[in-house]
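Below are two complexes that have subunit A in common, paired first with subunit B and then with subunit C.
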Partner chain A sequence: MGLITCEELSKSRGGENALNDISFSINENTITGLVGRNGAGKTTLLKILSGLWRESSGKVHVLEEHPFNNLFVAVNSIYIDDQMVFSQTLSLKDILIEAERFYPNWDRELANRLFEYFQFHPKQKHGQLSKGKRSTFHMILGLASRCAVTIFDETTIGMDHAVRKDFYRALLKDYLTVPRTIIISSHHLEEIEELLEHVLLLKHGKKLFHLPIDDVKNYAIGLTGRTEIVRQWVKNKQIIHMENVGVNSSYVVIKNDPFDLDQARRLGISVSPVTPSDLCIYLTDQEQGRIDDVFK
Partner chain B sequence: MSLNSISFRSLVYSQYIYKLKSYIGLFNSLVVLQLLAILFALGGSGMSGTSGYGIRIDVNYYSADLVIIFTILWAFFSSILMTTRSYQEESYTFVTNRLSNNLSNIAVILTMSIISGSTALLSKPLMKVVLYVIGDTFFIEAETAISRMDQLSGIIATILYILLAGSIGYLIGTVTQMHRLLTIIVPVVFIGILVAFDGEGQFTSKVTAFYYQETSILLFSAKMVVTIALLCSAATLLSNRKEVRQ
Partner chain C sequence: MHLSTDGTKPIYVQIAEWIETEILNGNFQPDDKVFSQYKLAEMFTINPATAAKGLNILTDEKVLYGKRGLGKFVTTEARSIIVDKRKNQTLKGLILEVALEADRLDVDEEELIEMLKLTMKKQKGDV
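Moving on to the complex of A and B:
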């Protein structure tokens, strides 16, 4: 059994199913990327895993316990997002001191070094920080708490590119020093794909897949060529995405299977790999209509 | 990764300390309110004058009651404030469950009551000093012979009243946080029932008799403590399944 398991987990919110029969299992000491469009249910899932919200039906286990209102799960997990609230009377340094009393594995030295590296002022107040700075500060809390289950929900919001890169690097380094189970939800899969061991893709509250990153990389192939030839060739194959490129030529993404790709190449079709990030976009695309249709 | 467990008691204590530090703003507002109340009270609550034989005597009545009333209101609204969203979210940033959160909140309200009750009672000597400095005053105590025991009873009763106000506020805050409409429904139903079924004030006078006219401090304390415990448990039970950080 994995460290985190969900069986037929559902959650309805406001009459709508935010999560719909999700089952998966996350092993100990892995980094999992949680990907999906806005409103796919990422935050709902993560809040249930961290015990903040209650599931509507199904089973959920974190560290072999039910997370809602559970102290054991609370002390061994941390949920980091951009909405964290702190008192206006506490300075950033005070918050770090307070956090240390709550998390037994807290690494003070790491916290202080990150604090200095990202040039925080000890007497600054949390409310006075810019959006990016605030995210960076939350990230420090997430890393230094060294919880067995560490959840980053869109933590990189507002961070500039350099800080995001630093964050990923810090995360990886710290993960190698102290392995733990990390879940990151992000819209920038291309940035985090090198960190990830698994990808969990959600769409409309349902699980599309939960696969090792290598399988995701080989999940599909892209074919470019003259429209009639390509469309003919992909017949009876599982098409994920299709678009016209320029005049008379098409780009089609199909699910990877042992195909006779040489035959395709002989027909003038060029075969290219599909990055996980593009794949997730294609898979979670709306079935019908594009933004252009709205303005017709 | 090694897993940790945390003792419930030490967690509540950590939360209590954390909240005392981060709710310091509430205490700042207490200082302002009590100073304001003292200022109002220095205006005197009544006066009478008489003159004759070439002497003129003005009698001014001063009372620290206003300070206590202000403090009770402060405790009520501060406790409601503690149940509001931003305060709750702050509590759930670090390790907690609903029970430990409620217990540490109640501990904070208890601390607030003891501190604010003490400072409210200390406003009396402060007022005396101010009146003395202003001058031309000869003090006559209202109750001439107050025993130590009576003084102690006064302190305990004041603190209990403040604590009661705090627990009522905490329960009301918890209930209204459960659904937005309850913010309107709760006060309307409460006042509505009082108006509709208690036209002659029988219920209110019974309640007043039960608490306010109790002469034995021991019985009074027991009644108050039981009431406060009931209010706090109700709040704890109601919020035990609440989802946080919506």
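Moving on to the complex of A and C:
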């Protein structure tokens, strides 16, 4: 059994199913990427896993416990996002001290080093930080708490590119030092894919897949060529995405299988890999048309 | 080495090839210990499971051998295995590409061989 397991987990919010019959299991000490479009249910899922929200139905286990209202899960897990609220009377340094009192595995040295590296001032107030600085501070809390279950929900919002790179590297280095179970939700899969062992993709509150990153990379292939030739070739194959490029050419993404790709190439079709990031966009595309249709 | 992330070559294959090149360059000798999956993960900022996959390919190909609890080591025949593999797979693949492009450009066999000879001379610094 995994360290985190969900069975037929559902959550209704405002009359809609934010999560719909989700089942999966995450093993101990792995890094999982949670992806999906806005409103797919990522935050709902993560808040249930960290015990902040209660599920409507189904089973959820984290560290072999039911997470909601559970102190054991609370001290051994941390949920980080860009909306964390702290008392206005606390300085940044005070927040670190309070966090140390709460989290048993807190690493003070790591917290202080990151605090200095990212040039925070101890007397600064959380509310006065810029968006990017706030995200960076939250990241420090997430890493230094060294919780068995560490959840980053869109934590890189507002960070500039250099800080995001630093964050990914800090996360990986600290994970190598103190292995733990990490879930990162992000809209930038291309930035985090090398850190991940698994990817969990949600769409409209349902699980589309939960796969090792290498399987995601091999999930689909892209074919480009003259429209009539490509369309003929992809007949009876599982089409994920199709678009016109140029005048008479098409780009078609199909689910990968051991196809005779040399045959396709001989017909003048060029075959290319489909990045996990693009794949997730194609798989979660809206059914009712694309952005171009709005401008028709 | 800089990892290419455009998806044309899996990261674990790039890790395996990098270690192979280190062996070919003599930076790892037979019975030397190579980097652990954790060291590789740290070096290239990748998941250690990905790095382990690269090491496992080389173990399956008998370029590396494992000692329980101690890590992975270079086999005596590592070099010849790598040379053999690269000749039969990489080099032959490149030659196929060259042959196809030459055909598209109507470059005949003689001209192609002349071009190849010239390139090899330049490479050795004779020209």
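To be clear about the criterion, the second predicted complex is superposed on the first by the 294 of 296 C-alpha atoms of A that agree within 3 Å, B and C clash if a C-alpha of one lies under 4 Å from a C-alpha of the other, contacts with A are read in each partner's own complex, and residues count from 1 in each chain.
Everything below uses one rule, namely that a residue touches a chain if its C-beta (ideal position, glycine included) is under 8 Å from a C-beta of that chain, and two chains touch if they have at least 3 such contacts.
Remember, it's a predicted structure, so these values are computed and weren't measured experimentally.
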Fit or clash - subunit C, subunit B, common subunit A: fit
Contacts of A:Phe102 with subunit B and subunit C, given as first, second, both or neither: first
Which of subunit B and subunit C A:Val247 touches, first, second, both or neither: neither
Touched partner set for A:Ala162, first subunit B, second subunit C, both or neither: neither
Superposed model, angle subtended at subunit A by subunit C and subunit B (C-alpha, nearest 10 degrees): 150
First, second, both or neither for A:Leu196, with subunit B first and subunit C second: second
Which superposed partner A:Val294 touches (first subunit B, second subunit C, both, neither): neither
Per-residue contact with subunit A, leading partner among subunit C and subunit B: B
Minimal inter-chain CA distance - subunit C and subunit B, angstrom: 16
Residues of subunit C defined as touching subunit A within the complex: 3, 5-8, 10-12, 38, 41-42, 44-50, 53
Sites on subunit B touched by subunit A in the complex: 1-6, 8, 11, 14, 17-18, 21-25, 86, 89-90, 92-100, 240-241, 243-245
Residues of subunit A that touch subunit C when the two form their complex: 30-31, 168-169, 172-173, 176, 190, 193-197, 213-214, 217, 273-275
Interfacial residue positions of subunit A with respect to subunit B in the complex: 28-29, 47, 51-54, 63, 69-72, 74-76, 83-90, 94, 98-99, 101-105, 146, 148, 178-181
